[in-house]
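Below, chain A partners chain B and then partners chain C, in two separate complexes.
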Partner chain A sequence: MLEILLIPLVITFLAPLMRPKLATAVSAISFLIPFVYTIYGLAENLVVKQPIIDIVKPIGEFYILGDQISFSFALAICLVSAMVALYSLPYMAHRFEEMGREFESEYRKYIFFYDLYATSMLWLVFSGNFIMLYIFLEISLLASFLLIYMYGYGDRRKVATLYFIWTHIAGMLALIGFLLVASTNGSLAFDSIAKIGFTAWLLIFLGMIIKLPGLGPHVWLPWAHAEAPTPVSALLSPLTVGLGAYVILRAYLISPWFIKKFMVPIFIYGVVSSIYAGFMVFRQNDYKRLLAFSTISQMGYCLIAFCLGTYGIMAVIIQYISHAFGKAILFMTAGGIIANYHGLRDITKMGGMHEYVPTISNAALLGFMNLGGILTVGMFGEFFILKGLVDTFGFDVSAILAVIFVFIISGLYSFYTFKRIYCGKPAGYEKVKVNRLLDTPLFVIGVISILFIFPPLAAILLNALKAGVAKILLLGGVAP
Partner chain B sequence: MMLLMLQSVVSLILITLGAVCSIKDSRISLAVSILALVIALPVAAATQLFMYVLLVVAIGILTIFSMSVKENQMSGVDYSLVALIALITIYIAYTNDVAFILAAFVIASVPTYALVFAGDRPMVDVALKYIVFMVLATVLFIIGTLMLTFSSKAGDPTLYTLGFVMLILGLGMEVGCAPMHEWVPDVFSAADPLPLSVIASITKIVPFVAAYKIILLTELPQLSNLTIFVAFIAVISMFTGNIGALTAKETGRILAYSTVANMGYVIATLSIVTSKNYLYLAFAGALLQLIVNAFGKASFFASIKTNGNSRPLMYLLALSFIGLPPLMGFWSKFFILTSLVGAGLVWLAFLLIVNSAISIPYYLRIARNLAGDTVPGKVTAIALVASAAMLITLIPPNWFVSVAKMIIGGV
Partner chain C sequence: MNWEIVLLFVAPVICSLPIAFFWVKEPGSERARKLPILSVFGLFISFLIAIHILLTYPNGTYTIPWLPDYNLNFVFIFDYLSKYMGALTAFIAFMIGLYGLEYMKHDYRLGWYWFFFNMFTASMLLVVYSDNLLMLLIGWEGLGLASWGLIGHWFRDDDEIAYVGIVGRKVGPLKMYWPPSYGGWRAISTIRVGDMPMFFAVAAIYALTGNLNISQIHWGALFSKIGAVGTLFLMICFLMGPFTKSAQLPFSEWLMTAMTGPTTVSALLHSATMVAAGTYLFIRISWYIHPWALHSVPGVEMLYYFVLLLGLISALYGASVAIGCLERKVLLAASTMSSLGLMFGCAAASYWFGKLALIVAFWYLLTHAFAKATLFLVAGHLIHATHDRFCCGDLNLAKKMKTAFVATIIATIALGGLPPLTAYWVKAGMDGIMHHLVEMVGSLPLDLLILTSLLYSAFLAKFLSLNFWKGDKYHLHLHGEKLMPFAYACVVSMVFLLLYRIVTGTDPLVERHLLEFGLEKGSLIVGLGVTATYLFALVVPRIKALSPIGTFLGDRMYLPALNDFIVPSIGWAISKLIEYTHRAIDWFCHFGLPEFMLSVSKRIRSIQVGYLRVYMKIALAFVMAVIVVSMLGWL
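This part shows the complex of A and B:
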C-alpha cells in the first residue's frame, strides 16, 4: 500500500528533471498504477492499515488507512490526475506561449507543482490521522495556490491570494476543531477518537463548508476556478473542493451525532445552495465561471446526501466520483476551446461549436451527462440520494419535490449550456485540428464513467461501498 | 559539566582573541568566531540538547555570515559580538540559576548596542532610540525578576503581581511586543539591514527562555490569575503587528511589524505557563517559532542589503512564516495552537488563526519584493541554509518537544 502511494511522490521529485514529454507520460503512469490498485482494493474489499510514525501525546499515531471509502475517493483522484497530466502538455504549451515564457524551463516548474498537488490529494484520502490529513490539505492548497499565482488568468496574483486566504481560514478553523478533539480524546488517529464534541464539530463543519463551499462562503470559488490555468481548474473543481466533503465524512463516520442532530437545517441549506448556484449558472457568460457555479450546485448534493443515513453516505461518495469525472471533462473542454481559439471563453461569442471542434463537443456531452446523472455513474448517486431520502424522511412530498427540483435544475442548466455553446447557429470560426492530447483524455474519463454503470465495475464499486459504509456505521467507528 | 565549563572558557578566549586580531585582518575574527561556536557542538553531542545547540549554532553562523556580507567600520569585532550572543543562547539552556539567567539576559542584549551602529552610514538618532529602549527594558526585566524572587520566598502577593507585570513589560519591550513596540518599526526601517539580521533574529531567543525559567522558578499560586494579562498583550501584539505589516510599504518596515506579530504568537504561550500538561508543548512551540523567526529574518534582512535573492528560497521562507506544513513554521504554530486549545484558551487560538490569515498577503509581498535571480554568493548561501532548516521538519519534530522539556524541565 505504502509502496504504491510512494510512486507518485517519488515521481513528483523526478519529473522536473526529465524532458516535458517524458515527464508528462511518467506522471500520468504514476497515477494510473494507484488507479488500478484502487480498483483491485475495491474488488477485494481490502482494508489496509500501515503505521508510519507515532507523534507526541495529543496528536497520536500517523498511519495509512486504506478502506473502501479511501479507495473510492482515490479512484477519482488517480484517474482525473493522470488524464489532466496528459492534457497539460499541449495546454500549458499554449499558455506559456501566450505569457511569452520559455516552454521547457517553465514546464519543469509546472509539472513539479502539478504532481505535488495531485499527490498531496491522493495521500490526503489515505491519511489515518486528522493532523496528517490537515498537512496534506495545506500542501494541496500551497501547490494549487502557486499554480494560480504563476500561471493564472486575469488579475492572477490577487485571485490567488483571495483563494489562499479563504481556504487557509477554512483549514485553520478545521485545525482548531481537530485540536479540540485531540484535547478531549488524547489522540487524533481515527481509530482512537471516541467522540467529537459540539464546538469541535461546528468548527470542522464550518471550515469544510468554506472549502466545499456552501452558499455564503462561496465567494472565492468562481474567481479561483475561473482564473486558474485550465488543467489546474480541472483538479481544483472536481477533486479539491470535494475533499471538504471527505473530511466531513471522516468526522461523520467517527461521531455522526452532529449531522444527525442538525439534519433538517443542513438539508435545507444544501437544497438552497444547490438551487441558488443552479440558477446562477444560467446567468454566466464565461464558460469557466459557469462551470465554477455548477460546482457549487453539485457540492450542494453532497450536503443533502450527508443527512440521509447509510444510503446518503454512499451517495456522497458516488456523487464525488461522478462530479469529479464530469467536471474534469467539462473544464478540459473549456480549456480545449481556449487553447484552439486564443483565449475564447465568452459564451455569447460561441455557438454551433460542434461544427469546429466536434471531438470536444462530444466529450462535453459526456461531461454534461455526468453532471445531470444520465447514463453515467452519477445515476447511482441520484438513485441513492432518493433512496436515502425516502428511508430518512419517509414519504415527505415537500422534501422529495425539493430534491427532484435540484436534480431537474442540474439537468436543465447542463443541456441549456450545451445548446448555447455547441449547437445552434455556427459563430463563424475556422475549423481547427485539435491536438490529440486535448481530446483523448476526456474520452477516457467519459468512457470509464459510463463503464461504471455496467458490471463488473458497477458491482465492484457498489458492493464495496455498501460493505464498507454499513460495517463502519454499525461499529460506530472506523474500520480496524 | 567540567567539559562544558572548559568549552565555554575556550570559546570566550577564542572570540576575545578574534576581536583583538581583527585589527590586523577581520577574516581571522570570522574564522575564530565560527570555530568558537562549532566547538560547542561536540560538548553538547552527548546531551539531549544537541538539536537545540545545533540550531542555535547554525543561526549564529548564519548571522555572522550576514554581518560579513559587507565590510563595516567595526568588522571583526561584530563577528565576536554575534558569537557571544550565540554562545549565551546556548548556555542559558543549561542553567536554572536566577543570577546566571539575568546575566545571560544582559549579555544577549548589550552587544546589540554596539551592533546597531554598524553599517555604511551610522544613524545615531535611531541607534540611541534603540539603546534607550533596551536599557529601559533590561532594567524593568531585572527589577521584575528581583521582585518575583523575593516575593515568592516571602509570599507577598502584591509585590508578586507587580514583579510579574514588570517582567512581562520588560520582556515585551526587549523583544518588541505591542504596545511597547515603538522602537521596532523606526529602527528596522532606518538602520542598516545587516546588523538588523542579528537584532531581529538570534537576540530574541534568550529573553523568552529567561522569562520562562524565571516565571517557573518563582511560581506562586496566584500566577494563574495573572496570565490573562499576557494573553492580552499577545492579542494586541498580533493585531498591531499584522495590520501594521499589511499597510506598510518598505520591506524593512513590513519585516519590523512582522516581528511584532511573531513576538505576539510567542508571548501567547506564556499565558498557559500554569497548565502543567501543555507547558512543554507550549514552550516547544514558542522556541520553534523563535528559531523560525531567527532563520527567516536573518536571511530576509541580508537579502534586503543585496536588493534581492534567489526567488524559490524567498518564497519558501515566506511560506514557512505563513505556516504551511511541512515547513518548520507550521509546526511551531501548530504546537502553540495545540497547547492553547488544550489548556482551554480556544479564543486566543482562534485570534491567532485570524492573524495567521491576515499575514498571508504581506509575506507574499515580502517574497515578491525580495525575489530575484539566483546568483551564487554569501546571501544566497544564507537563504539556502535557512531554507534547509525550514525543511528539517519534513519528519514531524517529536524530538523538539523533548528538547523543550530538557531546557525548562529541571526548573
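This part shows the complex of A and C:
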C-alpha cells in the first residue's frame, strides 16, 4: 500500500528533471497505477492499516489508512489527476506562450507543483491521523496557491492571496479543532479517538464549511476557480473543495453526534446553498466562473447528504466521485475553448460552438450528464440521497420538495448552459484542429463515469461502500 | 438466452459507434456516409431478437446480477405487455431507420443523429423489458437524453424548415416560433421536472419495501402502510415522470416544439418511444398494482380518478389544438397528446372496470403507434418533397405520391375510429368502459371521450384533405425516393394485422371482447358520428369564419406562456435577487472589509510618527480616562 502511494510522491521530485513530454506521461502513469490499485482494493474490500511513525502524545500514531472510503475518494483523485496531467501539456504550452515565457523551463516548475498538489491530495485521503491529514491539506493549499499565483488569469496575485487567506482560515480553524480533540483524547490517530467535543466539532465543521464551501464563505471560490490556470481549476474544483466533505466525513465516522444533533439546520443550510448557487449559475457570463458556482451548488448536495443517515453517507462519497468526474471534464472543456480561441471565456461571445469544436462539445455533454446524475455514477448519488431522505425524514413534504427542487435546478442549469454555449447560431469562428490531449482525457473520464453504473464497476464500488460505511456506522462509529 | 438479451440493448448502440466516431474524424466524407447502414443493421438485430422473444419466450422474468447486495438487479420481464411492446418498438425503429437512410442522406451531423437514434431505441427497449424500477430509470433517462439530442439535432438554428411556428411572429411578449436548440432545451427541462419526483418515488418505494421489482412489490400493502395522503403523494410523484414524458397538461408544450427535430425523430418519438413510455409505464404498473382489487385501500380511488380526468382533459385539449393547427407536424403532435390522454384515461378506468381497461388502453397504444408513425413518415416525405412545413397539396400531388396518399387514407381511417377499421373496435371498447363508469363517477368521462373522438377524426380528415386534396399551392421536388414509401407502407400495413387479431378474436387476452363492444348500439352510433365529422372535415377542411378561434386553438390556447414567460420570469427575478445578495457579500468580504482594515491600520500607523507631543497627548488622554473612570466608580 505504502509503496503504491510512494510512486506519485517520488515522481513528483523526478518529473521536473525530465523533458516535458516524458514528465507528463510519467506523471499520468504514476497516478494511473494507484487508480488501478484502488479498484482492486474496492473489489477485494481491502482494509489496510500501515504504521509509519509513532509520535508522542497527544499527536499519536501516523499511519496509512486504506479503507473503502479512502479508496473511493482516491479513485476519483487518481483518475482526474492523471487525465488532467495529460491535458496540462498542450494547455500550459498555450498559457506560457500567452504569458511570453519559455516553455521547457516553466513546465518543469509547473509539473513539480502540479504533481505535488495532486499527490498531497492523494496522501490526504489515506492519512490515518488528523495532524497528518492537516499537513497534506496545507501542502495542497500551498501548491495550488503557487500555481494560481504564477500562472493564473486576471489579477492573479490578488486572487491567489485571496484564495490563500480564505483556505488558510479554514485550515487554521480545523487545526484548532484537531488540537482540542488531541487534548481530550490524548491522540489524533483515527483509531484512538473516542469522542470529539462540541467546540472541536464546531471548529472543524466551520473550517470545512469554508473549504467546501457553504453559503456565506463561498465568495472566495468563484474568484479562485475562475482565475486559476485551467488544469489547476480542474483539480481545485473537482477534488480539493470536496476534501472538506472528506474531513467532515472522517470526523463523522468517529463521532457522529454533532451532525445528528444539528441535522435539520445543516440540511436547510445545504439546500439553501445549493439552490442559491444554482440560481447564480444562470446569471454567469464567464464559462469558468459559471462552473465555479455550479461547484458550490453540487457541494450543497454533500451537506444535504450528511444529514441522511447511512445511505446519505454513501451518497456523499458517490457525489464526490460524480462531481469530480463531471467538473473535471467541464473545466477542461472550458480550457479547450480558451486554448483554441485565445482566451475566449465570455459566453455571450459563444454560441453554436459545437460547429467548431465538436469533440469538446460532446465531452461537455458527458460532463453535464455527470452533474445532473443522468446515466452516470451520479445517478446512484441522487438515488441514495433520496433513499436516505425517506429513511430519515419519512414523508416530510417540504424536505422532499426541497431536495427535488435542488436536483431539478442542477439539471436545468446544465442543459441551459449547454444550449447557450454549444447550440444556436454559430458565433463565427474558424474551425480548428483540436490537440488530441485536449479532448481524449475528457472522454476517458466520461466513459469511466458511465461504466460505473453497469456491472462490474457499479457492483465493486457500491458493495465496497456498503461494507465499509454500513459496518463502521453499525459498530457505533469507530473507525478501523 | 443471456447473450441474446444483452445483445438486444447493446447491438444498436455498438453498431452506431463507428459512424459516431468516424463522423468526428471525417465529417461528410463519402466513406462516412456509408456507415449508417451499419447502424440500421444494429436496429435490425434488435428487431430480430424482439420478434424471437415475442414468439418463443415463455412468460416470466430473467435476472442478471447488478447490485445483489442491495437487492437491485437487472430483471427483465417477459409478459403480454412487454413482448408486444418490444416487438412494436423494434419494428417501428427498424422501419424508421430504413426510412432515415434516405431521409437523412445529406445531413451535416450524421454521427450525432445515428448515435442518439440508436440509443433512443435501446433505451426504450430497456424501459419496455425491465421489471426493476431503477434499471427502468436508466432507460428512462436515456430516453430523455436521446430525445434532447435528436430534437436539437439541427443545432445551428439556421434552417427555417426546422423551426416550429411562423418565424418572426409575436403575440404580446411571446415569441411564437421556436428554433431547434430551444426545442431541445424545452424538452429536457420539462422532462427533468417530472423525472426528479419520479426518481424520489422510486427511492421511496425502495426505502419502504426494499424491493424495486414491479411484479414483486406488494403494492396494496405498501399503500395501506403509508395511508391515503402518502399514497397520493407517492404515486403522483411517481406519475410526474409519465405525465411529463407523455405530455399531459400542463407539460404538453415541449412535445409541440419537439417538432424541430428531423421527422424521423418525431415519428419514433411519437409512436413507439418516449411519449409511449409514459403511458406504457402507467399501464405496466397498474397491471401489477391490481387497482380493481384495492377498493378497500384509501387513496387509490382518488389517484385513479385524478389520472382519469387529467388524461381525458388533456385528450380534449390536444384534439382542440390539432383542429387549429396548420403545420403538418405540429398538428400530428397535438393529436399524439390527445391519444396519450385517451390511453391514460382508459387505463385509469381499470380501477372501476378491471384489467380489460388496461388491455384496451394497450391496444389503443399499439394501433396509435403504427398509424401515427405512418402519418409522421408521410409528413416527412411531404416536407421533403414540398420544402414546406405547412399543410399544402392537391389531387395532383396525391397522384404523384400515390403510396403516401393511400397510406394516409388508411392511417387516418384506422386511427380516427371509423368503422370497420382497427381503432373503431378499440375506441368502441373505450366507449363501453366509460359507459360502464357513468354509474360510478358520472357521465363526464364519457362525454369527454365522445367529444374528443369527434374532434379527432375531424382533424385527421383535415390533415388528409389539406395535404392531398384542398390544400394551398406548393412546389414539388421529388427525388425518386424508394426506401421512404417502402417504410411507411410496411408500417401502415400493420394496422391490418391488428384488425385481424381483433376481428378473429385470436389474441389470448382481447379474445372477442372488442368485437362485442364494437357491435353494441352505442358504439355504432358514436362510430357513425365520427364518420360523419370525418367526411365533413374532409370536404370542408377550413372554415374562414371561424379563423379567430382557429388561431386561438392553433396557438395552443397560449399555454406557451407558461414555459416561455411565467416560469422564466419568476426564475429570473429570483436569480437577480440572489445575484445582488451575492454581490453584497462579495463586496463586503473582498472590498469593504479589506478597505476598512486598511483605514484602521492607517489610523494606527498615524500615531507612530515619532513626535513627542503625540505621545504626550496619548499619555494625557489615558490619565484623563483613568480619572474619569475612577470618578465614576467613586460616585
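Everything below uses one rule, namely that the second predicted complex is superposed on the first by the 477 of 480 C-alpha atoms of A that agree within 3 Å, B and C clash if a C-alpha of one lies under 4 Å from a C-alpha of the other, contacts with A are read in each partner's own complex, and residues count from 1 in each chain.
One rule holds in what follows: contacts are C-beta pairs under 8 Å (C-beta built on N, C-alpha and C of every residue); 3 or more make two chains touch, one makes a residue touch a chain.
Note that the structure is a prediction, hence the values are computed from the model and not measured.
**Q** Which partner does A:412 contact after superposing on A: first (chain B), second (chain C), both, neither?
**A** Touch partner of A:412: chain C, not chain B.
**Q** Under the stated touch criterion, which partner chain does A:173 make contact with: chain B (first), chain C (second), both, or neither?
**A** first
**Q** Of chain B and chain C, which one contacts the greater number of residues in chain A?
**A** C
**Q** State whether A:285 touches chain B only (first), chain C only (second), both chains, or neither.
**A** In the superposition, A:285 touches no partner, neither chain B nor chain C.
**Q** Now for A:199: first (chain B), second (chain C), both, or neither, which partner does it touch?
**A** first
**Q** Given the complex with chain A, which residues does chain B contribute to the contact?
**A** These residues of chain B touch chain A: 281, 315, 319, 322, 324-326, 330, 334, 337-338, 341-342, 346, 349-350, 353-354, 356-357, 360-361, 364, 395-396, 398, 401.
**Q** Please give the residue numbers of chain C that touch chain A in the complex, ascending.
**A** 24, 27, 64-70, 134, 137-138, 141-142, 144-145, 148, 152, 155-158, 179-182, 184-185, 188-189, 192-193, 195-197, 199-200, 202-204, 206-208, 226, 230, 233-234, 237, 571-572, 574-576, 578-579, 581-582, 585-586, 589-590
**Q** Show which residues of chain A lie in contact with chain C when the two form their complex.
**A** Within the complex, chain A contacts chain C at residues 162, 216, 219-220, 223, 276, 279-280, 282-283, 352, 354-355, 358-359, 362, 369, 372, 374-375, 379, 382-384, 386-387, 389-391, 395, 397, 400, 403-404, 407-408, 411-412, 415-416, 419, 422-426, 453-455, 458-459, 462-463, 466.
**Q** Once bound in the complex, which stretches of chain A touch chain B?
**A** Listed in rising order, the residues are 53-56, 58-59, 62, 131, 134-135, 138-139, 141-142, 146, 161, 164-165, 168-169, 172-173, 175-176, 179-180, 182-183, 199.
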